[in-house]
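Letters are used for the chains, namely A, B, C, D and E, taken in the order the chains are written, and counting of residues starts over at 1 for each.
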Amino acid sequence: MQLARVIGDVVATRKDPGFDSTKLLILQPIGADGKDVGRTLVAVDAVGAGVGEKVFFVRGKEASFPFHPLEMPADAGIVGIVDHWSTVKGKK
Amino acid sequence: MQLARVIGDVVATRKDPGFDSTKLLILQPIGADGKDVGRTLVAVDAVGAGVGEKVFFVRGKEASFPFHPLEMPADAGIVGIVDHWSTVKGKK
Amino acid sequence: MQLARVIGDVVATRKDPGFDSTKLLILQPIGADGKDVGRTLVAVDAVGAGVGEKVFFVRGKEASFPFHPLEMPADAGIVGIVDHWSTVKGKK
Amino acid sequence: MQLARVIGDVVATRKDPGFDSTKLLILQPIGADGKDVGRTLVAVDAVGAGVGEKVFFVRGKEASFPFHPLEMPADAGIVGIVDHWSTVKGKK
Amino acid sequence: MQLARVIGDVVATRKDPGFDSTKLLILQPIGADGKDVGRTLVAVDAVGAGVGEKVFFVRGKEASFPFHPLEMPADAGIVGIVDHWSTVKGKK
């Protein structure tokens, strides 16, 4: 999984019906130092995250597991909201 | 998933028969800032997208799920046409 | 999927028996502009492609689907030979 | 799999219930030369690893296999603690 | 799949029991030009490869297929030892 900030959302009227009951959020992955790293992506949200929150997300088909028995063609999903994290360099 | 622009299509006479009833579109991934990011790719299209439209696509076997019970050896598929998206920096 | 040129082949006497009846071709991925992009890779061939041809290939377990019921531990496979492609910048 | 150092952990109160009984550790991948390479990530831990240890981890759904029959939407998991490794350039 | 050189091995006493009967080898991926490309990784070995040999390896769950019915949480596995390969630029 990777840490990320929720930075926005996507509105799409014409989409696979599997996405009808899910939010589509835009994530900016971040490193353990809290800095942006890599490309933004679009993820489904299984935990009720909102813009501005720090989360961790999963890549791959596992992204849709929390929605079972609903199914959707997703490859990225938020699976946790981060309270804080600690590394040998300190706490964030 | 990732945001992308549809920039073209591929014509292939000799191909896996699973692709016979699908369009093969060329995508240019874009970031949340609307700028091109990363390599172009070829995707199947489950939502009737056309050249010039902004879409989001999924990577992996999930790309073929919308075509069930048809099966094809695909690893990228358009699963939504984007109306607009919003980030903390504005709306696109 | 990605566009690629077939640039060579691999000879391997000791290999997983699943590969016994397949060609192992070397691919150079290319972008929609026709230029080389990224690393070369080894792919199985489901469509009878030859060195010099432009193809599109799939990554992941799907690479072995065209060979069913044969199974092989492959993660990349050629699934179409490209006649030509068109983008907003022209035809190739 | 990749070599990595365990550099921290993540605390998340609101998360997929599949993670309730697992630690979420932060990894810094390292190369065979022992140097940091690539981005930090969050992994589940199947072998009782701790901060400061060198491990190897797996990407993909396989990350959750050691927890069977428990299931969690994970895409990275520690599957071994490294005693040492040897290359043609020496032992680490 | 990708070409690689076997450059070392990993010793791990505490690991997922699925790895008990497999070697864990360190690979340096190489391009079709024979030069190192990208990061080293750890792979299981299904074909009896040794340090110094050139091989091709598969990424993903397919890495464990040759070991069936044994199962292990692996995402990279050597599936062939390369005799030689040929490209339009010559033979290696």
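Observations on the structure shown:
The rule we apply is simple: a residue touches a chain if its C-beta (ideal position, glycine included) is under 8 Å from a C-beta of that chain, and two chains touch if they have at least 3 such contacts.
Predicted, not measured: the structure shown is a model, and the values here were computed from it.
Under the contact definition, chain A and chain E share the contacting chains D.
Path length between chain C and chain D in the touching-chain graph (shortest route): 2.
Interface residue usage between chain B and chain C, two copies of one sequence, is largely distinct: under half of the residue numbers at the contact are used by both copies.
Relative orientation of chain A with respect to chain D corresponds to a rotation of 70°, obtained by superposing CA atoms and rounded to a multiple of 5.
If you average the CA atoms of chain D and of chain E, the two centres end up 20 Å from each other.
If you average the Cα atoms of chain B and of chain D, the two centres end up 32 Å apart. Residue positions of chain E touching 2 or more other chains: 60-61.
Beginning the circuit at chain A and passing next to chain D, one meets the chains as A, D, E, C, B, using touch as defined. Residue ranges of chain E in contact with chain D, taken from their complex: 7-16, 18-19, 24, 26, 28, 39-43, 51-52, 60-61, 64, 71, 73-76. Residues of chain B that touch chain A in their complex: 1-3, 29, 31-33, 37-38, 46-48, 56, 58-63, 65-66, 77, 79-89.
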